[in-house]
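I'd like to ask some things about the structure below.
Lettered A, B, C and D in written order, each chain numbered from 1.
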Amino acid sequence: METRILSNEKIASGIYKLVYEWKGGIPSPGQFVMVDCKGKTFLKRPISVCSVDDKSMTIVYQVKGEGTKNLSEMKKGDTIEVTGPHGHGFELYEDKNVLIVGGGIGIPPLLYLAKKIKAKNSYIALGFKSEIFLVEEFKNLGEVIVTTEDGSFGKKGMVTQGIEDIIDKIDIIYGCGPKPMLKILQDISLKNNIPCQISVEERMACGIGACLVCACKVKKDGGFAYKRVCKDGPVFWAEEVEF
Amino acid sequence: MNLQVEVGGLKLKNPVMTASGTFGFGREYGEYIDLNQLGAIVVKGLTVKPKEGNPPPRVYETPCGMLNSVGLQNSGVDAFIEKELPFLRDYDVAVIVNIAGETIEEFAYMAKKLDIDGVDGIEINVSCPNVKKGGMAFGINPDDIFNITKEVKKVTQKTVIVKLTPNVTDIGVCAKAAEDGGADAVSLINTIAGMAINIDTRTPVFKNMIAGLSGPAIKPIALRMVYEAARAVKIPVIGMGGISSFKDALEFMIAGAKAVAIGTCNFVNPNCTIEVIEGIKQYMVLNNIEDINEIIGSLKVD
Amino acid sequence: MNLQVEVGGLKLKNPVMTASGTFGFGREYGEYIDLNQLGAIVVKGLTVKPKEGNPPPRVYETPCGMLNSVGLQNSGVDAFIEKELPFLRDYDVAVIVNIAGETIEEFAYMAKKLDIDGVDGIEINVSCPNVKKGGMAFGINPDDIFNITKEVKKVTQKTVIVKLTPNVTDIGVCAKAAEDGGADAVSLINTIAGMAINIDTRTPVFKNMIAGLSGPAIKPIALRMVYEAARAVKIPVIGMGGISSFKDALEFMIAGAKAVAIGTCNFVNPNCTIEVIEGIKQYMVLNNIEDINEIIGSLKVD
Amino acid sequence: METRILSNEKIASGIYKLVYEWKGGIPSPGQFVMVDCKGKTFLKRPISVCSVDDKSMTIVYQVKGEGTKNLSEMKKGDTIEVTGPHGHGFELYEDKNVLIVGGGIGIPPLLYLAKKIKAKNSYIALGFKSEIFLVEEFKNLGEVIVTTEDGSFGKKGMVTQGIEDIIDKIDIIYGCGPKPMLKILQDISLKNNIPCQISVEERMACGIGACLVCACKVKKDGGFAYKRVCKDGPVFWAEEVEF
């Protein structure tokens, strides 16, 4: 769907927040859109939904390569092609004590999750390398713990540190972030027998489940199988994912 | 206006099909377009037993194209017949089943199993660059092409299409081998063997080293090969490789393709097939062409 | 930091050369860049007699690439020696002369004529897709490659490079034929045979029907072939095909290319060669690489 | 050279006038620049210089395909990559009676020519399909005769009609426009033995004379040869060109 950009601003170094008109389907948390980044890019890029209202949708992205660089140069009023929402998002349960763990550019979809989930208590652990972003928006959505690797804001260390201290209070964990972080969440989940859903990343082509390029290795009948990140995921139960 | 074409006994309501492996079994794109409007759906390559495919990464963007290393992930021919075919039967669209055996026997085995209602054609995939056994290893060898085609023809009443690999010196010889083996049509091109390297780790991007290149980048090569194949054989040729618009499709048809397939460009534009059909219709109106068959092979050469 | 590489006896101050036919005889780009900084200049393909080349159109833009049908227009080997070589001699850069004979004898004739001061290497062009005689017709035939190489080697002291065509099933066999014929190095890829059709007139865009595809579109294919060639032979491989940045160049070198050449991307960015050299230097600094030869063939395969 | 767009406005249907900052070489009339049209285009596009001053350069272009379409969408403040001036332009002679003949999108370079040439008298014949453009700018540069094919402005007919009526007064002809027009100018030139320079078009790649794709067939020693439009041309003596 062709849509019009309402704003596109830098919110931290290399991190941008893009808002565009949205008349399409209402996503569930964890779903993503496919964005045509124009220029010399060929395939669309998957970006998670960070928030949505009845007129607009917001995504937050990090400049990584050509696609996201082109995206960062687009201006208010420009049109972009966006399809979605795609994928299988987080499964939400009411009235639970939830722990939401986000690392870096994995944080944006968790904002939408934190807003939508009807939790008893939400503990929100957000980890950054150094510079923080989106933290303000999480403020009223639960108990927020911020960690930075260099200690420039909040606690110094990795976002997964200290989780075990509060783990007894938690009914379910939600995570999105770099692979090593997801792996630690998986370990914590298995060790403490607490269900955990994680959003994983893989390069995509079609984004709708038809081409099978976005394979995520999952356990199956003693062996393994490849599931599609774009259709069966991006959110999987941590226990099934093989890292 | 007549859009109908006949490909080796199989009547297609129009010449626009989907390319195997880029359209799943139709389900996903069915949410975006009306499958009934397609000339044919060619489903993902099937194997005798379920196949897990290759480890990720399986895709890499290249200039105006992509490399893929899916490695024929599929649930096997039985699961297809049981779970996917019933879904496809509900549509008024020709269904062509792409089969990828590791041996001649496997090809024949699958073709026989698929000689059933709801299947309109068999596409023999001797051109996948992403598997260790079978695939392209057969397709670069005219004798293998001939033998596999012959055995498959023995066990099926369906239209048999042989899908050729572009990774050969002389595509005409390969097309001829298929024709001599009794094929009703040939389709081409499958992906071109390509490669990518991560310069930071100095490792290949793909575990298999080689992957298959597709998309607009390869269109000029595909068009040339379709032209060469169409000159080499009398059976119909199905053209594909980087088609992204009705203009591309028409180039292939003018070069001699009786039908065309759209692969990678579905990913970029889910509506691509429909837009190609509409574009062809408009071209025919504009050029006063009553029957699409007038276009096929109409290249003027002096 | 050492950037020097040796290609079949020929020492290059760095591994970045220009691809034949894309850089004329250096004059034009000399107004944009300092030719002394290049590893080598490979000049436009020469023929025994002046050759007018093909009628226009000779170029067609394709997705991330272009088709060309120049057809070896040049003033002949004598005019080169008389008018162009003196100009090139004034620069401190290796000069490699691309020769395109229609017969074995013509190759030997030109190679002998060029066994003179100021010429550092001979590139045997058996891979041009745009001529009726010679060119690719030789290059798809390992015996022809072998024989031509052997005859050329007999009459010259210069480094002999055989330029291979990608339009073959097995590039390794072709590279091996060159090695067996005594070549000091092979270079690849030349352009890939492609085609384009004007759908309004239903005529081929090029009078010759087929033209040569080059540019970033073909890079994944070129890289794969360079890798395959480097594994097939012990002599150095010069890699090219769609290189547009130092990253591309490094991919080729990691895959096994001892030197690389930049062709079509000069058109888009006249400074491309220099930027590639600078980029390689920066990569070496960043990765603590003292000698560029450490990079060559350093692909880690498990 | 990367430069900044100062303005880009439509001056007729499908015809745009683009002005950008220019600190590069000063072109002679008939020379062109190579413009990177961005988007999915790969090669640069040749466009003639329409005018230049000490700070800026103007080109006028028609939207034909993707490149010129992209160009038409660029806005003030955007940067574009432009190289040049390239090519061999018109040869100027002082104090002559010149006839300048332009057809359609061949007209822009002739504006620069008409401004620069120190003629005794300039007769300027401008032909259009229907809608006219740039005509005003020619007003003080000579005697302007406008022709439109459909008669919607000026005389009805082809721009070459009526040339023979004034041909006796002419010392030299300059022409730029579609091939059939150039062919007629060549005929007139040969028949009346009046020197004529024409600017021809051919698809380009390098734009500087290195790749030999922009071949123009010229007479040579009883036979023919191919010259480079980008380097030996785009302006040739009409008598040497083989159509």
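By definition in this document, contacts are C-beta pairs under 8 Å (C-beta built on N, C-alpha and C of every residue); 3 or more make two chains touch, one makes a residue touch a chain.
Bear in mind the structure is a predicted one, so any value in this text is a computation, not a measurement.
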>> Quick check: more C-beta contact pairs at C-D or at A-D?
In response: C-D
> Roughly how many whole angstrom separate the Cα centroids of chain B and chain C?
Replying inline: 34
>> Roughly how far is chain C from chain D, centre to centre by C-alpha average, rounded to an integer in Å?
In response: 36
> What whole-Å value do you get for the distance between chain A and chain D if each is reduced to the mean of its CA atoms?
Replying inline: 55
> So how far apart, in whole Å, are chain A and chain C when each is placed at the average of its C-alpha atoms?
Replying inline: 47
> So which bits of chain A are touching at least two other chains?
Replying inline: 40
> Which chain C residues sit where two or more other chains touch them?
Replying inline: 62-65, 215-216
> Which of line, ring, star, complete and other names the graph you get from chains that touch?
Replying inline: ring
> Which two-chain combinations qualify as touching?
Replying inline: A-B, A-D, B-C, C-D
> Where on chain A is chain D touching in the complex?
Replying inline: 38-40
> Residues of chain B touching chain C in their complex?
Replying inline: 62-65, 67, 140, 167-170, 192-197, 199, 201-204, 209-211, 213, 215-221, 223-224, 227, 242, 247, 250-251, 254-255, 283, 298-301
> Can you list the chain D residues touching chain C in their complex?
Replying inline: 36, 40-44, 83, 202-217, 224-226, 231
>> Quick check: in the complex, which residue numbers of chain B touch chain A?
In response: 21-24, 27-29, 31-32, 44, 52-66, 68, 70, 73, 215-216, 264, 266-268, 270
